[in-house]
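Here come two complexes built around chain A, the first alongside chain B, the second alongside chain C.
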Partner chain A sequence: MSFDWKWDFTWEILPRLLAATVNTLIAAGAGYAIAVVLGLVLALAQRTPWKPLTLIVREFVEFIRSTPLVLQIFFVFYVGPQFGIRLSPWTSGMIAIGLHYSAYLSEVYRAGIDAVPRGQWEACRAINLSTRDTYFRVIIPQALPPSIAGMGNYLVGIFKDTPMLSVIGVAELMHAANAIGAENYRFLEPYTLVGLIFLAISLPTAGLVRLFEGWVRRKMGM
Partner chain B sequence: MPIWEFLQTYWPLLLNGTLITCAQFLLASVIAIACALAAGLGKLSGNWLIRGAAVIYIEIFRGTSLLVQLYWIFFVLPLFGLTLPSFIAGFLSVGLNVGSYGAEIVRGAIQSVPKGQWEAGYAISMSPAKRMRRIILPQALALMLPPWGNLLIELLKGTALVSLISVADLMFQAKQINASTFLSAQAFGTALVVYYILARFLITPFMRWLERSMARRLGRA
Partner chain C sequence: MDMSAYPLELPADDRPMVRFMNVVKSYGRLVVLDQLNLDIAEGEMVTVIGPSGSGKTTVLRMLMTLETINGGVIYIDGKPLTHMERNGVLVPADERHIRKMRASIGMCFQHFNLFPHMTALQNCMEGPVQVLGLSKAEARARSEELLTLVGMIDKKDQHPSRLSGGQQQRVAIARALAMRPKVMLFDEVTSALDPEVIGEVTNVIRKLVAEHNLTMLMVTHQMGFARDISDRICFFYRGKIEEQGPPAALFGNPQKERTKQFLSAVKEAD
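Here is the complex of A and B:
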């Protein structure tokens, strides 16, 4: 190992890292898709009239939010086989990261739904809308714009947490960098490039989220 | 193996791991709070050099993953002649990472102290440093405590990653027990519960208490 940066080595490993970046993006996208849907389920489950369900879901969300994601990834990956369920690294990684972020997103939705003025609920009641129509046609469309900032932050967050999937062998960016480092005994270039790739994706994404939020707010006349 | 037998056999390892996790948490918190204050104030500075340095620090640490930073500090810094033991590299990277998020909280809180407070400090001809220390920061502190409570839980969760550079924390012990016994549900399950207890029944109540005592000191209780 040496301190000097080697450009030929950099060009040699860059295609491999970029290929792994695609996997990272797929992992982040798939995990986020799970989280967006499951988060809404968790948020709505806390609004049912049946109190015990609210309490259980609430505690579950708190539990997921206050324990480390990397431990949850290990848990999902290793506990399945103990009971005869074999999950691939990809599947268990997506379950763990999707579940983790669904807990965060459910809080975002919850805050958004709570921010819808009381009058809207009362108006729905007054014109005799069904619960489903109340949620899907009146409440959720209004709860969405204030939620977009939070949702966008967690999109960037899930992207930055995908390196943790490397611990169970998902072939994403960090995994590729580890492999390259171990093969060549050079860690300077792979790890630095991984950092730069992350910066190059997460900074513009954060900017785009801000633009999108402004656009939605204008569109909704807020 | 039933869970109580598991605990009877492995409690010394798990306890050791928990203590290391607590040590990592406390040391990383100190670094995070120091960095957050420095970068948060730096971002509001009139000097473009200080402001630029703060922005670069915040964007770099917020823009990349904690795991990348951890590996970089542990594996790459030695090439620049700075070799850190894994224990120090662990809490240092967690602290630096969380500090960059804290910096935005600090900046936001300082900016939301009402304008009249700044003007009053100016009117009685306080120096900017004294005004910041005596008037603005104490009020900003009360505003920033609730988001810091969440951030400290993120920090606790971040410390689990130091196990990947072989710091023998709770996560590391759970992994070791799992590797030698294949009792995954017990090992990882216990670790999950311990992290939950630390977050929910130690950090959160402590921050609530801090918020209340802060409010009392500012005469707002």
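Here is the complex of A and C:
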């Protein structure tokens, strides 16, 4: 076995990988956007006074968290059509990954909401705020700063999980690296580059999230 | 429970601002308030004293509708608070009825409970804008007037984390007053404060008593303060009013043994 790194090959494939990186970022970003919103819906649904809904949502979250993401991706893409839901790989992928991470984010939000002191709820009732205003103007703004660290972890998580979308043919980074490898019978350079690109994006993200958290806290006077 | 004994509305000639009628509150098997009967007249300042765990906070929380009751009826200004009329009888109130009735009541808490992400002014404006539907300008004018009243106008743009306990409590009083309640509740509003700032909060309450015709129900451990400003003192013991009367009588000449014991115990602690 010999270690022969080919620089000319590296430069040749880099533009193609960087182009695929854009797709990866779009996939992660879109999936995350779905997860951020849907996660909040799931968290709030678990707090409604209507018990059946609470129960169903809790079971759903538990189900999502106990089964592999790749299975969920296959399920949406291959089983969906049997129910008349025919989606493109991109759409299926975004839905599956967004749904998956919404379950995790709902737990982050839930912990954040639970951490808001009881006195805040009581102050809202004392000035007669509606339930809606209580959540959106008082409770959620306070639940946000302590949730940011957890949200940041899952942002990196969703980014690192985008390669799984290659299994249904989403043209993201992993998909491109596989294609390059197969075409050229060389895997060392494409896979190494993929690893470096992931590292280069993941590493600073954690630091940026921490800065963002500090900024939000200051902005809110907390 | 037979609700026919409870009028749908109190008659005009017997209409206190607050009436607790046979009110029962229990947590599981623990009966915290047992058949409480208490009237508070319009403009009256009533102070509740009593040992820890005697149910003082619970009385206020029921009135603020933070707790449901297990028996009896509470009336505000003659109308049932905890119940509403359906087919000629009183049934437990739904959320809509409670929200409507709750508008008459304001409360200040031991730990202030200001909204930490809002400035003092925003705290005061929140209810008037979101609940009463005032314009921003109207709400601001009203809030600034009240922040002036409590001596906090120069700190109106500060967040609670930048204010001392006494200052936070004064903002909390302004926030409650901004809703123009008919009845104000104060639950040990000075208990969490350093001794040197207690006066700035009690002075605000004194001012309210002197200048405003608010009905007030207060829980405090400051006997001197209670004596000065109350029209009536209620001594609670194990979920019942053991003794009540004008401050001079209750402090100067208590009738019940338990009242005497409690008052001498507090005096020693002072």
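Throughout what follows, the second predicted complex is superposed on the first by the 220 of 222 C-alpha atoms of A that agree within 3 Å, B and C clash if a C-alpha of one lies under 4 Å from a C-alpha of the other, contacts with A are read in each partner's own complex, and residues count from 1 in each chain.
Here is the rule we go by: a contact is a pair of C-beta atoms (placed from the backbone, for glycine too) under 8 Å apart; a residue touches a chain by one contact, two chains touch by 3 or more.
Keep in mind it's a predicted model, so treat the numbers as computed, not measured.
Trainee: Specify the outcome, clash or fit, for chain B and chain C once both structures are aligned onto chain A.
Mentor: Once both complexes are aligned on chain A, chain B and chain C fit side by side.
Trainee: Scan A:72 for contacts with chain B and chain C and give back first, second, both or neither.
Mentor: first
Trainee: Determine, under the contact definition given at the top, whether A:120 touches first (chain B), second (chain C), both, or neither.
Mentor: In the superposition, A:120 touches chain C alone.
Trainee: Any idea whether chain B or chain C touches more of chain A?
Mentor: In the superposed model, B touches more residues of chain A.
Trainee: Would you check which partner chain A:63 touches, where first means chain B only, second means chain C only, and both and neither mean what they say?
Mentor: Only chain B is touched by A:63; chain C is not.
Trainee: Which partner does A:221 reach: the first (chain B), the second (chain C), both, or neither?
Mentor: Second partner only.
Trainee: Give one of first, second, both or neither to describe whether A:161 is in contact with chain B, with chain C, with both, or with none.
Mentor: A:161: touches chain B, not chain C.
Trainee: Touch check for A:12: first (chain B), second (chain C), both, or neither?
Mentor: neither
Trainee: Counting only touches as set out at the top, which of chain B and chain C does A:183 meet: first, second, both, neither?
Mentor: Neither: A:183 stays clear of chain B and chain C.
Trainee: Which partner chains sit in contact with A:133 here, chain B, chain C, both or neither? Use first/second/both/neither.
Mentor: second
Trainee: Is A:192 touching the first partner chain B, the second partner chain C, both, or neither of them?
Mentor: In the superposition, A:192 touches chain B alone.
Trainee: Could you tell me the angle at the CA centre of chain A between the CA centres of chain B and chain C, given to the nearest 10 degrees?
Mentor: It works out to roughly 100 degrees.
Trainee: Please work out how little space separates the C-alpha atoms of chain B and chain C at their nearest point after superposition, in whole Å.
Mentor: Across the overlay, chain B reaches chain C at a minimum of 27 Å between C-alpha atoms.
Trainee: Mind sorting out which residues of chain A both chain B and chain C touch, each in its own complex?
Mentor: Chain A residues touching both partners: none found.
Trainee: Using the touch rule from the top, collect the residues of chain B that touch chain A in their complex.
Mentor: Going through chain B, the ones touching chain A are 59-60, 62-69, 71-72, 75-76, 79-81, 153, 156-161, 163-164, 171, 174-175, 178, 182-185, 188-189, 191-192, 195-196, 199-200.
Trainee: With touch defined as at the start, can you tell me which chain A residues reach chain C in the complex?
Mentor: Residue list for chain A touching chain C: 117, 119-120, 122-123, 125-130, 133, 137-138, 141-142, 220-222.
Trainee: Provide the residue numbers of chain C that touch chain A in the complex, in ascending order.
Mentor: Result: residues 64-66, 99, 102-103, 105-107, 109, 111, 113-119, 126-127, 130-131, 159-162, 175-176, 179 of chain C touch chain A.
Trainee: Of all residues in chain A, which touch chain B in the complex?
Mentor: Touching chain B: residues 1-3, 62-63, 65-72, 74-75, 78-79, 81-83, 160-164, 166-167, 174, 177, 181, 187-188, 191-192, 194-195, 198-199, 202-203, 206 of chain A.
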